[in-house]
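The structures come next, written out as structure tokens.
Look for chain A in each of the two complexes below; its partner is chain B in the first and chain C in the second.
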Partner chain A sequence: MTRALWRHVRLAFFLGGVGLHRLSAYRVDFVLGAGAFLIRVGLQTAVVGLVFRQIPVLGGWSYHEVLFLLGFSLLPRGLDHLFTDQLWELGRKLVQRGEFHRYLIRPVNPLFSLLSERFFHPDALGELAVGTFLVIWSGSSIGLDLTPLQWAVAPLLVLCGALIHTSVKLLFASLSFWTVTSLPSMYAANQVSEFAAYPLDIYHSSLRALLTWVLPFAFTSYVPCVYLLTGAAGLVVWLPVVTAGALALALAVWRRGVNAYEMTGS
Partner chain B sequence: MNRSPLPEVTSGTPVRPAARVRHYLPFATAGLQSLLQYRSSFVTTGITAAAGAAVSVFLWRAVYAGSPPGGGPGGFTAGSITTYLLMAQILQILHANRVDDEVAAEVYRGDVAVMLVRPVSYPVVRFFACLPVVAANAVLVGVPVLGLFTLLVPLTVPRPADVLLFLVSAVLSVLLAFLVNLLTGMTGFVTTNTWGVRMVKQSVVAFFAGQLVPLALMPGPLRALASALPFQGMVDAPLALLLGRYDGVADVAGVLARQLGWVAGLTVLSAVLWRAALSRLEVLGG
Partner chain C sequence: MIVAENLVKEFRLAERKPGLAGSLATLFTRKHRIVRAVDGVSFTLPAGSKTAYIGANGAGKSTTIKMLTGIMTPTSGRCLVRGIEPYRHRKDNARGIGVVFGQRSQLWWDLSVPDSFRILHRIYEIPGPVYRRNLALYRELLDIDALGTTPVRQLSLGQRMRAEIAASLLHDPPVVFWDEPTIGLDMVLKDAVRHLVNHVHRELGTTVVLTSHDITDIAAICDSALVVDRGRVVHQGSIRDLLRTADRRSVLFDHRDTTAPERACAGIEQGLPGVSASPAEDGRIRVDYPVDRFTSRQVLAFLLERFDLVDCYAPEPDLEDVLRRIYGGGRPEPVPAEIPCGPAAGGA
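Right after this comes the complex of A and B.
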């Protein structure tokens, strides 16, 4: 068991290195991909700026608090994006083109095998860079002073948030085992995650409930930010439970999907 | 019936436009057939569009919650800003013609070579093939999303004359979206990461077209920049006409003329770039 785990970790490092090498081979592609995120998030920040030209407070949140939330929401998203974006390929075409079987015949876990095909998506570095910048800049503008406990918990909040993103992506990508392609529903889930970039207080209560307990994107940004900004524990104590539940559900669906997979005859 | 495989090229006399259109119609019907293979995707596309509209509607309704009924910033009321953002999303559905996607993929895979040996113009084929996509999106996604929001949030009812002006302007915006996506797809000739290019295009168009923030709410220099770009004709222009945000006939003519000008300009630009790209195209044999 430990030996198998150790082997996977070593492989992951090796394949991550391969990903980094690819970075230097396709330099323009890297600049385009990471730059695309810079532009996207830059314009999203501009939208927040334009909103705050009209009002001083949005749903009880100040300008810098909203930017902190926006920046923080990019960290779990970027971390997830860095390692698991191969799942989009599963939803898009692997089942449709009958190419999935090649992950089943390798001597490693099929999920690991799938993700490791591209373990390092450098595009995500743009997301992480902007997120980090926004969090640090807006945090210091507010004069945010974290307690040692908050400092210790912060990386775990990002990690759990990333796992929630991964779970939702894995769940919707796995639907393709039954529906052949699940790209449209992955897009839909991804669009819903955009709600998490703004304070949940501005949404209708039914939408808030959906984002908290059904597609729990609130736990990737809003809930951790409330804890970091105000120190009030609130919903954040539920984060480990929600993360574990989401991951367990997604993995169960993935396993059933792999077992249900039938290769197309072509 | 002329049995020559290249009737247009081999015949010395110019082909009448109507006959030329007839050559391209099969591409439109084929596009429709492949589209209807995946009917359930319209439901999920609708959910995506509704969620996209809801984000900006909630965001801006929070801004206009306390504004006076006579009109808040930029002359919008809570009702008219909601109508603006919702219709912006509907227009975006009409603009999602997948042309950028498909052109980029065909260039990347080299499939474009197959199209080049046919006696038809590839960009025109793409135009006809995207028409059913636009129509299906309008009927199967746009109308239900509009209906859903009509039930959920108060909207302003436009004047009938403004609706007609909007429809004319919306057709021009669909043409603009086709040209912008064609140009985006053609970047496949110079880079393999067309995904990044498409994402930049999407964000830049959404912002400068006024889909996320009406141009009237932007500060002076930014508004001037957005007005100078062709994207303004994709969302802001049709919605200015729909919501009656214009001064008299001259203003309407100016809005439509600017859209037409950009359609003509981008058509010339994509024709020139298409020729230039073909001259440097290399496809590996298979």
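Right after this comes the complex of A and C.
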């Protein structure tokens, strides 16, 4: 068991290296992806700025607090994006075109085999860089002073958030094993996750409930940010439970899907 | 080595009605039809055998291979490869098999072939000497270096197939499953592939299971045949035995007589009723005879008596003909088209 785990870790580093190597082969793609992303976040920041020209506080959140939330939301998203982007391919075409079989005939875990095919997606590096910049900049503008405990917990918050993103993506991508393609539902779930980049207090309670307990994107940004900004524990104690639950559910659906996979054509 | 016990695979197909109204109807009422692709197939393939898995389109060949490689789970029954159920222990199974699906790639789409091989080297944990030995072999036989650093997606079908075949053997698997491995290959490369698999089989005793539409592949690589029709095994044995089931054999001969070929043929058909004779290329005459009516001795005796033979040979029966007969023989007689029995038909 531990031997198998080590093997996968070593392979992950090796395949990560291959992924980085590939970046150099797709420089234009990288520049376009990262460039487009910078423009998008720039516009998002500008919109938030415009809103705060009119009002000093939004749902109890100040300008820099909202930017902190926006920046923080990019960290788990980027981390997830960095490693699991191949799931989009699963939802889009791998089952439809009967190409999924190649992950089942390699002597590594099929999920690892799938994900490792595209480690280090370039857009994700842009997301992580911009997220880090926004968090540091807005954090210092607020004069945020984290306790040692908060410092220690912060990386775990990002990690759990990333795992929640991965779980939702995995769950919807796995539906393609039955529906052949599940891109629309994956896309819809991804759109919902965008709501989590802003304070939940501004939304209707039904949307808040959806983001907290159904597609738990609130736990990837809003809940950890409330904890980091105010120090109030609140919902953040549920984060490990929600993460574990989401991951377990997604993996169960994935596993059933793999066993139900029917490779089409000759 | 490879065992199938009452292997069954059923697919559920949604019945769709044609047309726009039909697709709308399908949205609300879904009818499913069960299609049995593999129908209780049982067989045992010994270690070190080279078996051609033969069947018409839709006979369940690919489906069976997909269960043997662990890609799909059987509806019922089971199969064992090297003593393990592939779909239950995919990783263990994958370690010991090599797979080629001619129609589908399993290489890394946007990496070059050498990069793909480096990854395979790692994930199969191939010992260095084995890896280098195999690369040298592919260099020699498949000219793998010519593929260079082009990403796999930009290779031609023939180039990609060379890489796929090499990749399937890179880790010295005890069992290889090759589904249409020579599509897109020219004659020279086909020969190289046959040479490679026979070499590997000789050196390592690899068990080979092959499906192909290319009869020459089957004849050049395999020593035994498993013939499947509509999901059931209808023949298992050596290729030689399979060929012996042919109901017609042929003799081609050349002669020094001045008789016109047409007259010679007519003479043969008259002398041996049930036999067909026709002029073949190079002025030869081809004689096809049913084996249940004449022995080859009778046919040859007749020809020797009638003609001044200078050359004579009997080709192997055509495998395609044999197969066509096996598939045809198993099928029920076609139902005659229904004739309307209206008043007009009755009155006539």
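By our rule, the second predicted complex is superposed on the first by the 265 of 266 C-alpha atoms of A that agree within 3 Å, B and C clash if a C-alpha of one lies under 4 Å from a C-alpha of the other, contacts with A are read in each partner's own complex, and residues count from 1 in each chain.
Convention: a residue touches a chain if its C-beta (ideal position, glycine included) is under 8 Å from a C-beta of that chain, and two chains touch if they have at least 3 such contacts.
From a predicted model like this one, the values you see are computed outputs, not experimental measurements.
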Worksheet item: Sharing chain A, do chain B and chain C clash or fit in the superposition?
Response: fit
Worksheet item: So after the superposition, what angle do chain B and chain C open up at chain A's Cα centre, nearest 10 degrees?
Response: 80
Item to complete: Using the touch definition from the top, say if A:Leu50 reaches chain B (first), chain C (second), both or neither.
Response: first
Fill in: chain B versus chain C as contact partner of A:Val192, first or second or both or neither
first
Item to complete: Of the two partners chain B and chain C, indicate the one touching more residues belonging to chain A.
Response: B
Worksheet entry | Partner chain in contact with A:Arg256 - chain B first, chain C second, else both or neither | neither
Response to the item:
Shortest distance over all C-alpha pairs of chain B and chain C after overlay on A, integer Å, is 7
Worksheet item: Which residues of chain A are in contact with chain B in one complex and with chain C in the other?
Response: 26
Discussion item. Under the definition above, what is the set of chain B residues touching chain A in their complex?
Written reply: 38, 40-41, 44-45, 47-48, 51-52, 54-55, 58-63, 66, 72-73, 191-193, 195-197, 199-200, 202-204, 206-207, 212-213, 217-219
Item to complete: Give every residue of chain C touching chain A within the complex, in rising order.
Response: 11, 57, 62, 66, 69-73, 87, 90-92, 94-95, 97, 99, 101, 103-106, 108, 110-111, 115, 118-119, 122-125, 151, 179-180
Worksheet item: In their complex, what parts of chain A are in touch with chain C?
Response: 7, 11, 14-15, 18, 21-22, 25-26, 98-99, 101-102, 104-110, 113, 117, 259-263, 265-266
Item to complete: Enumerate the contact residues on chain A facing chain B in the complex.
Response: 26, 28-29, 32-33, 35-37, 39-40, 43-44, 46-47, 50-51, 53-55, 58-59, 123, 179, 181, 184-185, 187-188, 191-192, 194-195, 198, 202-204, 207
